[in-house]
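Before anything else, here is the set of structures, which you'll find just below.
Below, chain A partners chain B and then partners chain C, in two separate complexes.
Take a look at the complex of A and B:
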């Protein structure tokens, strides 16, 4: 019988969550379709004024990405909680933190990455310049993992509570404000001809900070939720 | 060896049990008995470390399980009320994933052999969603066959199983005990392992 290494466990959890999502595609598509819909509603609502659309583009995309990522958060641990898999995960003879990190990575690949990929297409509706689109993708690439990581803590804390779905949004959204500010700020800086380095550096710093702490905190929160 | 000393546990304000002490040696089997709500599941979950006991301690081979942490989990196999299997996956994938989460890999042959022994031949590639309750339970119990954990903690393992599968479980537990394993279980059905005296722990 072969023992599984820590990296083996990490990749197993990611593969498992991706496989489950492939067998249940509707969940992944909901997030993406919601994102596309919300972003597309704005040009229809505020009118086809190119100047105004260009100005609000980054903010709209970021807010929509924030809301879309909230949609899939309650599902992050709840299916495993309900069918007992989470109990088995807590009993895994490896670090629960690594296991949670695997789930976070899988969650980002399923809910964050599609948003990053579709964002440039949506940006075109707002007449964004190529440079701004590139920056939008880069900022989202740095920012969406943070949303998944902070979201994991919220999802773990509200596990098994009634109305947990709403509660997790209330809990997580305020914590995501810095990501929104610096993410949208990076695009804003590029469109107004300034350097976006400071915004991106801060986003990257947030991401590293979250990467170090949130898997551990979420793991502890899961243990508390299972009592 | 599993030792439990002066254990007390409560859910909310309700004290379920207190002053509970026992030890379980290699090759022994113990059945936890008690009425509904007497704390059987809570006791088993406390042994797994899901619930922190109010008082008392649990030790494994002389060391407190809190200190052993992951080393203790490697020795333990818990099957609870919930089957911990995914409807979207087939029996084979479920078994391989469970093994992975428990920290080891199994080959497809090993997994197929385990499922066959559990009476699920030719069901390996069906999504678990289309299986009956009893068959799902068999998929969950197939983990017993591929694990090398010493301590089995089984919460109502016989739920939804037919007579044949109950016989099979007795056989599996007998084999496990003969390999110096230990079993703690709860059940409301009779379960007798040939040649082994089942110890009883009554919660009231």
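Take a look at the complex of A and C:
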């Protein structure tokens, strides 16, 4: 166990979190059902005209994805915090940053990836074209990991606080605005016949930037919260 | 000569210093407010395009500038607190947040009042308005996080980390909002390069400095309260003359 490579460590943490989630599937499904419901409510609110729905589809899907990912954030560290696992992780000789990165990846696979996979079906409800659907999936694929990464910082900061669920949304949502703008912008660029390269590049740049810094910052936040 | 940079970083010494400084800043702010408002209302001429409504900018512009500037100062103090573990820095960050949020709110409010006669709408999804609104959200998040953590040491550190993350993110948010805005709509009315009348410049400068001094005075007063609250159990607080009067 002592000579664990970085990738060995990562895959260990990810496999553990996935296994835990599989034992309690309801948590994953609630997020997904919430996402589907929020998106389906919009046409009921604004009316069924396909013209308007097509226009607002990408924005609606993105806002719903943002809200759905907020919903699952408080769970990212709380179970480990309550049963003492997190304390052992802080004491472990391995880098806490790598452990946190593993947890972020697992969180994305459980709450981000399902949204990406179901988004095209929801897009069809909004009468989106095939091209736009493809771009929606691509943009969500690039953008949802950022939500998990920034969310990890918020989840770590609010660990164990009362009302942590609402608080984490309050902290994280403003920081996620660029993701929303570029993600929805990429889809809109395709539907209006422009190139989406700039939006996707910015989204990818933001993702890499977050990948470098957020695991470290979230690890520091965990240390602060566990003092 | 060796300067002890940390002399006033101890709450004990800073409490007295802040108490001495507050009246100077407060009076200077009050006098400059009067001067700025007088020039702004009676000396500065009526604008050719915007008539009298432009006068709201004498409070709007300083409030906007300070709302952004205070966030940077706050993040700076937060970083100092994390690096040097000085308690006072974290207290300063905590004391600055409400003032920053207030200025962000004033900026949005006066902007809406100006926008109605000028643009014909209370709110326009202009890049500057939107980023100011997001800045207000960031302030509120910071205040909410600190308010919900009972242990003050943890609250300081968690708030500091959030302020630093926020300040890294602020330029990204600003540019994304700017590009989003140009993508969606043509740029709205802008101040073109028309030269500002000298009286307008004077009024603006006076108001800016007045707001600045006001922010310093209020922050110092607030930091004194925070010091008293946190150090309530220490002997030096109990030996203060103002504490003896009450008991």
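In this section, the second predicted complex is superposed on the first by the 224 of 227 C-alpha atoms of A that agree within 3 Å, B and C clash if a C-alpha of one lies under 4 Å from a C-alpha of the other, contacts with A are read in each partner's own complex, and residues count from 1 in each chain.
The rule is simple: a residue touches a chain if its C-beta (ideal position, glycine included) is under 8 Å from a C-beta of that chain, and two chains touch if they have at least 3 such contacts.
These numbers come from a predicted model, not from an experiment.
In the superposition on chain A, no contact is made by A:28 with either chain B or chain C.
Shared-chain residue A:19: touches chain B; no touch with chain C. By the document's definition of touching, of the two partners only chain B reaches A:85; chain C does not. Of the two partner chains placed around the shared chain by superposition, chain C is the only one that A:178 touches, whereas chain B remains out of contact.
After overlaying the two complexes on the shared chain, residue contacts for A:217 are found with chain C alone; chain B is out of touch.
Residue contacts after overlaying the shared chain place A:9 against chain B, while chain C stays out of touching range. Once the two complexes are overlaid on the shared chain, A:225 sits against chain C while remaining clear of chain B.
In the superposition on chain A, A:93 contacts chain B only, with no contact to chain C. 227 are the residues of chain A that lie in the contact sets of both chain B and chain C, per the superposition on chain A. Against chain A, the residues of chain B that register as touching in their complex are 48-52, 70-71, 73-74, 76, 78, 80-89, 93, 97-98, 100-106, 127, 146, 148.
Residues of chain A touching chain B in their complex: 1-4, 8-9, 12-13, 16, 19-20, 23-24, 82-85, 87-95, 99, 226-227.
Residues 153, 157-158, 161-164, 167, 170-171, 173-175, 177-178, 181-182, 185, 188, 202, 206, 213, 217, 220-221, 224-225, 227 of chain A touch chain C in their complex.
Within the complex formed with chain A, the residues of chain C that make contact are 134, 137-138, 140-141, 144-145, 148-149, 153-154, 157-158, 161-162, 165-166, 168-169, 172-173, 176-177, 179-180, 183.
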